[in-house]
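Shared between the two complexes below is chain A, which has chain B as its partner in the first and chain C in the second.
What follows is the complex of A and B.
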């Protein structure tokens, strides 16, 4: 499991993460939700060791180092692949550096998304680049797959198909931490929702608990954030003078 | 070992399709300039006046040196660009490899040095080919092998690429290839950290100023070796001093 204890991160004087405690056991699909600037990406980068931080993050009881980093994969809308290389070249490269790299999954997903294997990545569309980024993260053979807004730029049909494929191919020991704004879209596919606001975890609920309480994920998110449903009508009323 | 080789291949795959066409273009441009000058020399000067320009003069006037410098600048640009982050964050992947980012730097430096050595080698081969072309020109009569030998001593550019018995320049060129490899590899390494790799700028300027030297210019050869060693030392010191981000 990945365990975060009292993780704190500051950018200059600004607090980005405030004493975050979080447990990510194996085999869960966890949604990480929060407004822009809430600390989702910073949290993920701290887990990956890309940013220095205060506190402790352990991966199966050990600190995250180059020795065990291969257990974590990362898909980001910023794109972490090499633009001057083709997918086939990426496959060869990843297979060399990640011993558990799954060729079968790579080929299957490349066919599913109908991506060209010998075209340079820099010539792909944004949607294709996102798809390829996700493919790499799923094929690395990692136990923990971290995804930061991976579907930004993909159409809804593409995303829905992808969720189905993802649920079908995931092994029981694979964990996904998925950061997205598409709360309703992923609500049927995640097993747990973690809410972050101004660098603090303000909500953590399992899909089972939500189901038992008869509440939807979007309601849980709105309640946790104290979302005021009348704020739109009030603003319109103030701006136009008309009562909605 | 294979994982280091795969990182070298990563650099090669990202740049080889740009670097080799530049080298081929360089040869083509030099051939065009040299053959044009050679034909002019053989027609106008050789046959009419009865005297013809020397090999070193044809090489000097064909300006092939400037073509080499242009190719060098373009290749340096492509090598420095390899590994830089513009619209993506490939550094995230480099940080997750089984070898450290420092290891990635050394692999890239090795590959880049090899590219500069190949460029040097190609320039020597091309220059020898031009010598052969000159020697084969019937209008110049029966020339001895001393003509080529003398050209590599009398022409500063020729002497700088193939210095014959002046071993100091061989050492300088080898050290220069290593320094250029390191400086062009640290450029993307620094760029990913939001810094500017000034080393390659310093070294490129030094190359343009001091690469072509007269025979026996120990002071300029020594100065160039000192600059190369300084740049290599600064580069390696920076990379080795950089802590990995794993907290």
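What follows is the complex of A and C.
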């Protein structure tokens, strides 16, 4: 379990995370939603130890250190692979550094996405790079897989197929924390939704609770954010003088 | 002899051949530059003598050889400049992990936390030491030439001490 207690992060005078409390138990697929600048990426980077913060973050009861960091993998739209290496060379690098690296999963996903194994990553398309980034995070052998906007630039067919494959291959003890703007698209894939707004967790609901309440994920997000559905018509009316 | 696998000592995907090529060319150029000591020394030594009847050389009375450090001049500067470039390479290796992707995220997540620093520091520091050692070896060789081939009575005292005083 990853546990965040009173996590606070400031950039200069600006508060990026405000006393965040969050539990990520094993085996959950958690969607992390929020507007641009809400603090999603900062939250993830704090978990990974990339940024200093106030408060405590524990991984299975221990602080996140090089001793246990291999339990967490990370896929980011910024990409964390080496552009000058091929997928095969990445496989060797990961296998050397991460003892639980899954070769079978790597080969399976490479075949699924039909990615070339000997071409340098810098010659891949953006979509292919994203796919490869996600593959690495899933094959590392981590218990907690953190994904920050991993599908930006991928076409919808690839994404949908990928969700299906992902649900099929995930082990019961694997946890995913997925940050994305594609709320409707992942609504059938995630088991829990966490909403962050201006550095604060403002909503946390399980898919089961949503189902029982008869509400959809997108409605939950809109309600939590106090989304004003009339703002489009009001703006158009003000600009054009026409009533809708 | 088996060629050492330098890729394990540089950032993954980094063009180690280009870096090695730069270093070897730089080292060769530094060596060639240092060889300019020889004509400098010959010229200074020549000034100690007068030529009699176009063939016979006679040592001038009271002649003083120019100090070793003076003849050495800038001849070893190639090694020093290359050594500084190698230190600059360290920065380049770290920046590499932010270029075109953020591979720094992966390097920071490795269970072996020293891996990033090993790959960024190992070769530049080795190359830096090779430069400094090469410069020192050439200094010893040239000092040996100076002390061996210069008439003893022409050598000013404290030559060895003067080297360190005049070193950059």
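Definition applied: the second predicted complex is superposed on the first by the 244 of 244 C-alpha atoms of A that agree within 3 Å, B and C clash if a C-alpha of one lies under 4 Å from a C-alpha of the other, contacts with A are read in each partner's own complex, and residues count from 1 in each chain.
Basically, contacts are C-beta pairs under 8 Å (C-beta built on N, C-alpha and C of every residue); 3 or more make two chains touch, one makes a residue touch a chain.
Worth saying up front: this structure is predicted, and the values here are computed from it rather than measured.
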Give one word, clash or fit, describing how chain B and chain C relate on chain A after superposing. clash
For A:61 in the superposed arrangement: first (chain B), second (chain C), both or neither? neither
Is A:82 touching anything from chain B or chain C once the two structures are fitted on A? First, second, both or neither. both
For A:69, select first, second, both or neither according to whether it touches chain B, chain C, the two together, or no partner. both
One more residue to check, A:53. First (chain B), second (chain C), both or neither? first
Quick one: is A:168 in contact with chain B, with chain C, with both, or with neither? Answer first, second, both or neither. neither
After the superposition on A, what does A:97 contact: first (chain B), second (chain C), both or neither? both
Going through chain A, the residues touched by chain B and also by chain C turn out to be 48-50, 66, 69-70, 72-74, 76, 78-85, 89, 93, 97
Chain C residues within the chain A interface of the complex: 11-15, 99-106, 108-113, 115
In the complex, go through chain B and note every residue touching chain A. 2-3, 6, 9-10, 13-15, 82, 87-93, 95-100, 244-247
Given the complex with chain B, which residues does chain A contribute to the contact? 46, 48-53, 57, 63-66, 69-70, 72-74, 76, 78-85, 89, 92-93, 96-97
The residues of chain A that touch chain C in their complex are 48-50, 66-67, 69-70, 72-74, 76, 78-85, 89, 93, 97-98, 120-122
